[in-house]
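Single-structure report; data block below.
Letters A, B, C and D name the chains as they come in the text, with residue numbers starting at 1 for each one.
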């Protein structure tokens, strides 16, 4: 297939049509910050961290959901984008109750990493301090809404990879929460297979195994993509 | 939280005429999963709200995961998981009504009747709700008492009407 | 039914009207506003009155769609004189029948606007309220019985469909619409012809037409009135669109809050099917088209096209990023055309009278007329239709009869929670898409709320922000958290607890949310805030406390448990 | 010799940040070459004199903290929020999800160790807890923040030495930024 010529941050690249801007950037080690993107499941464009400027477009577009077109001129690191990435990060921290000091994912958390990458030293917006539930009813796992950033990676992994669709989202606006079945305790779910893929997919310490304590969480989100690749070979 | 597994085991009363209405709707829609919202409308109409066992029934009938059904129900303001009360008083808070003092009406209801939007009286007689514009802007401020639109309401009059509703069981 | 059959029916109906055995005709407005004021009672009582007087054979009584001046309802119109009686109730019906029908002279003090005008008009068409209007979309609203397809047929109903199917190719139809320069009436004002052409060009075995009747703006009821007053007009527009783009299936997504509109539209569909104006092989043209109603379940965001599609598919109404646009990847992944109710209702007049005719109405960039739902602190509120480019002053003072209680005009809010306000200094603005955008507002779907000096603009911004916060779907972060933060900050300003830093932060957030949100809801949620800041910044500034004063106040408690 | 004055203050926190400050070990001598620590939990001084740098650990949880912080703001040239509690409330903020009464009851009434006989202490001389815990930037202008629970000793020393040498530190540039 004929490759397309595109320009990213003033450099020229050849890329296959049908690929997203994000895929092309990742191939060439151009850093694009993401939270809701997880290789192996469908993109939803919800976190808005991967927004890029495209010449000729008035709107910022999410790199994960926008396919490349011929002669596209893309800017990924303008001052405007950097500024918005920082605000997005701050809003993530202010939305729920992220207490790194007591979190299992301290040190391996993608949200923490994001904060370092955008150089966020403090949060300028008032914290919302919502009251959130912690579901410990599952024999092995815990779901802590305090640490959830609503990236819905667990929802998509459970639905698209495991096929169980235990997780979904309830309510709307800032009151959205991840739910299991009819918002019933996870331990009583009739759909969950306890496969644990959602734990691997979760970028923060919202989903974790009971056996560990602060700072011990090891995550391997890449496993999802590997799994999907292996499945293709079996077929 | 209610127990999840026990819920799905709960069979709806087959003789309940309301279940039959839902079953008829399901059949009419050919049990297509994309008819979920249409079926929920029917269920909400016949039950007044959407009890969890009804949702479990619908989820099974349409072969949809429980969380998919629950998430759809909680997304739309029209659907309610809880009973809204025998009588309902819905105060329009659309822009025209807002400009003409919908908030004052809500304050008055709270001080005289002791209920805020979304609340139902202890005896389940009256539920107070708000709507984002019922499209009767020419009659602002408007209140809907049991499906009957009261236009250009005044404070004393509307409170009396509500109290009458509560008294007439 | 073929073309000839339709003509036969129309001739027969027209003949019936011409050889009218009735000497008098009385229309009772059964639009939602008048029904709320009790017009159904009036209709019943009127029928009784006429029967008791033995006038059944002389007086025809019809329920009609919205007549316009909704806050004067229930309205009753005597034809052919166009005499309108306002605030009719059961007690004065006998007198009206006696005076108007028997004595043949109207009762002056019961006429429309009799309580506010020095001399009310016997022919309501002479009244400035109607005189300044130009009704294209609403032309037959308030004249025909919306529940009878025959009434519509008499008023050139389905003539446009007949013309397109029998005389025009899909390309012709698209060219005509393009020529008319009609722009989408849902708010964004995208050229309708261009949109049709895009969907037409995508080749697919299945395409869809969707009519967006999820009118969620608080303070807007244009679509509702059109659907209730003339549902067949919308249906006809949808069928023409289906023919033009090559779709065989349409969906009308109507707000659940509008039960009457749903009922009448469903009736219309049944009648049209029965007459063969929907279904297979319409008018013997090989073209097949059918429409289904989907009822909204109370989510403002479903007015956004991708969310609306998700909702029709039975899912949470959350939008998805565009591109791909619905024209390419829409309902069930098929090319889909989505237009607003008012847009579809504008189609048949364009087909009948030609695109040229339509394009000459209005302003160079915004052709045609626009329906507004006029409300707020104004004397006559209701449903109006004016040519694009009519000045706000004309709308407020000529049509609306000026400010209520002699108040002072402060601002007009357009476009609801996605729009902005027009301050008194711009009363002479010619209302069209560009002019409103230049003022930092938008045309929107047509809600027009007039505010007087008692309105607090910061609180107005807070009101709309709270609305957007409640209606945010929660999918993307900027809208989900941003609207909540902005709402809290606005509350802080309203409570006189905020400093200049808070205001700066609020402005920064507003622009951030506007530029980064996934869909139009978040993208326009900051508009009322930005617009009031632009025109009424001093009202914000006056509320701020100085930074040094901060240590005198309590700890900010903008934290919700 | 223009020696600078440093104050370190302990508001609503666990003193871990001060422990981390002590962890700079012998480098404290480097600090001592340029400045005096005039007020600190480890210095016996009741009044706060005007200082060049104030390092403040912990968040604002009570009226006393509030007054102290406002006082320091007036007397410090550079106010540094030290540690996650001061910067973003951290663990101390975890009571914000509950009404204050529930928090008191949990601690003084319902706790098992109370043998069901406890009551909420109400002596007027006791400090008065605010309804909500807030981080320093919500109350006063903060000139610099060092997040971390606790911040690393190297980060603290780096910031101190930069300010003492009239330079502005940059945690991000120097890869010393960390939370938790």
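What to note about this one:
We adopt the following convention: contacts are C-beta pairs under 8 Å (C-beta built on N, C-alpha and C of every residue); 3 or more make two chains touch, one makes a residue touch a chain.
Just so it is clear, the model here is predicted, and its values are computed rather than measured.
The chain pair A-B and the chain pair A-C differ in C-beta contact count, and the higher one is A-C.
Among the other chains, D has the CA centre that is most remote from the centre of chain B.
The centroid of the Cα atoms in chain A and the matching centroid in chain B are 35 Å apart. Note on chain placement: the centre of chain A and the centre of chain C lie 40 Å apart, centres being C-alpha means.
Computed from the mean C-alpha positions, the centre of chain C lies at a distance of 58 Å from the centre of chain D. The distance from the centre of chain B to the centre of chain C, with each centre set as the mean of the Cα atoms, comes to 26 Å. Chain contacts: chain A has residues 124, 126-127, 129-131, 169, 171-172 touching two or more partner chains. Residues of chain C found to touch two or more other chains are 299, 316, 470-471, 473, 556, 559, 561. Shown for chain B are the residues that touch two or more other chains, namely 68, 71, 75.
The touching residues of chain A, when paired with chain C in their complex, are 44-48, 51, 59-62, 65-67, 80, 83-84, 87-88, 91-92, 94-95, 124-131, 149-150, 169, 171-176.
Listing the residues of chain C that touch chain B in their complex gives 32-33, 35-37, 69-71, 73, 215-221, 224, 256-258, 294-300, 311-318, 373, 375-377, 381-382, 413, 416, 447, 449, 451, 455, 463, 467, 470-471, 473. Considering their complex, residues 81, 84, 87-91, 93-94, 96-98, 132, 135, 137-138, 142, 145-147, 149, 171-172, 177-180 of chain D touch chain A.
Of all residues in chain B, those touching chain C in their complex are 33-38, 40-41, 68, 71-72, 75-79, 93-96, 98-100, 131-140, 142, 149-152. Note for the complex: chain A touches chain D at residues 93, 97, 99-103, 106-107, 112, 115-116, 119-124, 126-127, 129-132, 215.
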